[in-house]
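Presented sequentially are two complexes of chain A, the first with chain B as partner and the second with chain C.
Take a look at the complex of A and B:
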């Protein structure tokens, strides 16, 4: 008894030490990750003549809302925000819907050439998007999709199908085939099994696919820049890039960062809404591919 | 699946179909009722600074449209750094606009692709328009014996000094010659102020020193660099910069150190005594360092005189334009006094020699820049000009680090540029 007590308290001290160390490391990591965000928020409230000072100011001395007023009013950010939101939401819903159907087919049906078709689909993941820019542009031209938000949606959906199908097939294969068979015995057709069984069971996977697709569409720059000419159809990344402009001009960083803060909000909302399933989704996806 | 999800999916599908239908029906548009629309791409409005775009869209384009009934000009602002990519993709898809305000380094590149109209061949009055512009600026449009554009706006680099640093050495005037520049370095020792700083060794940075020192980068026909870039004059010039760097009188930003205090902050901040930079700096400092009163003077003169480097934009006409006659009319309009002087107050230097005095009257701060432009020269007008910058930035650094001599570094760079010219 007497011998055990010191050992236990030593272990407790070691435990507290390790816990503290863990917290310090985690806090430092979190601080490192969040510092650029805090700086972005700080500059968005800083008058233009005080931005980019050395050392950086995390709490503006003379806070102002001018940058937001200018971004909202003079720079037409709300319109670009709505364009981006429309494109990202429509693309995400269509992509997740189509890829979950494809994934269900790959996971549950047996048909000749299944694996070959799946591998061909995966090739889409391996080609860098920039290489496809010119062929896609020519295709979009012939389809009459240049200079329209529809042109963004079609190519965003097409571009995200491969990854989403790959991801969701892993999830759907994990769900017990017996349930599927039981429903089939009860006379449920393929659509009912997909819609009422597979999708609800694959929620973590759907959440992961939704977050990835939404982020990719929301942030996408190169394609939007290439096909959109009409200023009214611009998306947020292109508009913010125009604000940041070129090295030669005096850039209004305050306005750029105010617009950037607004651009981050939907991303945070999507994460918060789907976060519950997201971690679970990442882990299951990692085990079974 | 729950009802809200189903509604969401259905409405997304409906929205997508509507978007695509809208895209299909949009078509080319704009040319109804015999009127024609010229499309014009550029980056006037970048940086949230809409002064130039405002003048263009609310004064200049309406004036042109009034003088040419039935012709409309539609200007599209594209982010500067991405305009090249957008142009390249659009060229491949045959979707270029009629007119482009192109960075002067891009003209040979697009001329080489065959997507530009050789104006010197197609415009009857080209020679007359060309003769009115600064030769260094005009030269940026030359590719294989034809001119593919006309200068639109220009800029150049001059020596900008911090008045406090000048005072610290007891000077009233900035250094005017290479010798004076080196003398100022010794006067500054112990003050904690570095004589000079620049952001690299690319052609934009290095060529003012090379030309002013009496050297060049290739022969006049741009066929060979060996024997020219490593000439005795250039070795002497580079050695001067290397010696100053080793004495701690040139900031380490010149060898590509990203952590160095930037020239735009270091000059008003008192870290650097002098820098070379363009007319836009005035506007930047007015916002961020309102008390700073920079002193402008010509690039220090060496054996070759005081010669700076030309920057700016050209206007080009694309071969796919369906309205070339009207587009050429617009190009003529850009060379007019009305067009050129309207943009001066927004920080654009006029490309027309005869407008120099009027330009200085509009903005006295532009006097030194206007004078410097008279002798300023163009960088190599070749399609892969950006690779020359990479070569200079890579090959010359060892000389500054002291691992090889200035002569060896220049010879290495010349050899690489020879390969580039041969390809």
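Take a look at the complex of A and C:
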């Protein structure tokens, strides 16, 4: 394997050969990774009558914006976009706020029940979310949360609490306790110390938690599919799925992919801008995209 | 502001196993409970209670509609699952997905990580390209793959025009080809994630050891076996466990690519559970399947962690 830098002069030539081969393999692999995306973008600009023709058109011969126009106008995608944005923003703010408060309690206090409460959160982390779909649906029904964006928010926050608490507790424990104690000497109460000291110190952790929670909410499908019937409350993933229907022949793939591009671009922008927090979140464990 | 008693303080000391030096011992007060309260109450109501209720529902013929009373069945729902042919078919498909997606994700993810580990001017770009499928919504990529594997889709065109197949495979119209297409999506979407974990783990490979092995004449494969692999064992365990959990949770890609069809032949455990509950309103039986699934996942994860720990010879 070429993972070791073959820098020694005797092997310089072999090293250059291996380096080239390495890049060829890596670029070919990367090509396979993004080819489906490029094809999706091409289809989103292809008139519907040319989709699924043979040979396929990788660069549309008669490019059109019709698919985007239709997605924006007839298919009401802007409304679903706003629904998704609203749900994701509110859920993320609430989740990060509540879990950072819990994380602060775990990181800076000793109190009776600390271990038990922590273990209970841990159990919540190990139970797959989809397993809870049925009882959560029954609960949401009793609480009158079906068919509402509020019902999405409540359960998105609940679903992300445990993970964010673990992540943020790790970050908060790494910040020096001395500062917290010094502020306490000066008479600052716990809320002030949490808000003015702990949170600013844990900024990288907050950024990581925010990004992962936002993306998870933005992409969430199973729960929204289950509780949302009202067309006005659909989120983007549910709306896009409805565009694609069930069979293959009647589907207007150009419109589906125009809407998909609109759903995916914000995610890719967020990812590119905040890349280092992604890596941080992954490395601190237990986060799977 | 703080309410404290000596007794509570003693209880706190007894409950805390090994007090960490960084946390200064305080008199117990209501303050930490106030910080925990809103989040923990929400968690208990919306996560802990449903866990308990899932188990409870699985023991009943659960009625969701109107005032119909639910009949207690004991373990009948579980017995029903064991004798249910479609449960085993879904189980088999889940197992197929597990076997078809996990080894490629580990091997290819590690291979790419090893290739990317060495310095390269285009390394940041490559890392982003490999990671893009990971951050993209499951709904979008599932529909995209349904399109690629359509009868007149790109995959058939590519296979047909290179002469590998007749180009007329009805991928999503048959059990095994359908599972293969679904697995292809799983691998494509997951490689970037395992790569990223391995890439981070490779930072921890001791460089002096690597150089010593090189001086001693170890070839690349020997260095990989003797130095790299032991150093990334923890990451390997983590990736494997997470991928197993992920494989048992496969749902969106199946739901959107084949819908479990044709005639339920590509159902996995979760699509079957979903249809039972929200299609046939069999909430009790659906819950039993969810509980079985959860138990399998928990047992497998614990077993794997133990296995990796034993081989390591170090208690972690």
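Here is the rule we go by: the second predicted complex is superposed on the first by the 225 of 289 C-alpha atoms of A that agree within 3 Å, B and C clash if a C-alpha of one lies under 4 Å from a C-alpha of the other, contacts with A are read in each partner's own complex, and residues count from 1 in each chain.
Criterion: a contact is a pair of C-beta atoms (placed from the backbone, for glycine too) under 8 Å apart; a residue touches a chain by one contact, two chains touch by 3 or more.
None of these values were measured; they are calculated from a predicted model.
Judged by the touch definition given at the top, the superposed model places A:154 against both chain B and chain C. When the two structures are aligned on the shared chain, A:200 is found in touch with chain B, with no touch to chain C. Judged by the touch definition given at the top, the superposed model places A:222 against both chain B and chain C. Contacts of A:33 after superposition on the shared chain: chain C is touched, whereas chain B is not.
Legend: residue contacts after superposition of the two complexes on their common chain; A:141 is shown touching both chain B and chain C.
Of the two partner chains placed around the shared chain by superposition, chain C is the only one that A:257 touches, whereas chain B remains out of contact. Counting the residues of chain A that each partner touches, chain B and chain C differ, and the larger count belongs to C.
Of the two partner chains, neither chain B nor chain C is touched by A:209. By the document's definition of touching, of the two partners only chain B reaches A:242; chain C does not.
Of the two partner chains placed by superposition, only chain B is touched by A:90; chain C is not. Taken together, the two structures place residues 52, 54, 133-134, 137-138, 141, 154, 222, 226, 241, 244, 246, 248, 256 of chain A in contact with chain B in one case and with chain C in the other.
Considering their complex, residues 1-5, 19, 22-23, 25-27, 29-30, 32-34, 36-37, 39-40, 43, 52-56, 98-99, 101-102, 104-105, 107-115, 117, 120-121, 123-124, 126-139, 141, 154-155, 157-159, 161-162, 165, 173, 177, 181, 189-190, 194, 215, 218-219, 221-222, 226, 237, 240-241, 244, 246, 248, 253, 256-257, 260, 263-264, 267-268, 271-272, 275, 278-279, 282-283, 285-286, 288-289 of chain A touch chain C. Chain A makes touch with chain B in their complex at residues 48-49, 51-52, 54, 70, 74-75, 86, 89-90, 93-94, 97, 133-134, 137-138, 141, 143-151, 153-154, 195-196, 199-200, 222, 225-226, 229, 231, 238, 241-246, 248-252, 255-256.
Interface residues of chain B facing chain A in the complex, by the touch rule stated above, are 1, 8-9, 12-13, 15-16, 19-24, 26-27, 39, 43, 45-50, 76-82, 85-86, 88-90, 92-95, 155, 261, 265, 278, 280, 283-284, 287-288, 290. Taken in their complex, chain C has these residues touching chain A: 1, 8, 11-13, 15-17, 19, 22-26, 28-29, 31-36, 38-40, 42-51, 53-54, 57, 64, 108, 112, 114-120, 122, 126, 128-141, 143-148, 150-154, 157, 161, 188, 191-193, 196-197, 200, 202, 210, 214, 220-221, 223-224, 228, 238, 242, 245-246, 248-249, 251-252, 256, 259, 270, 273-274, 277-278, 283, 286-287, 290-291, 293-294, 297-298, 301.
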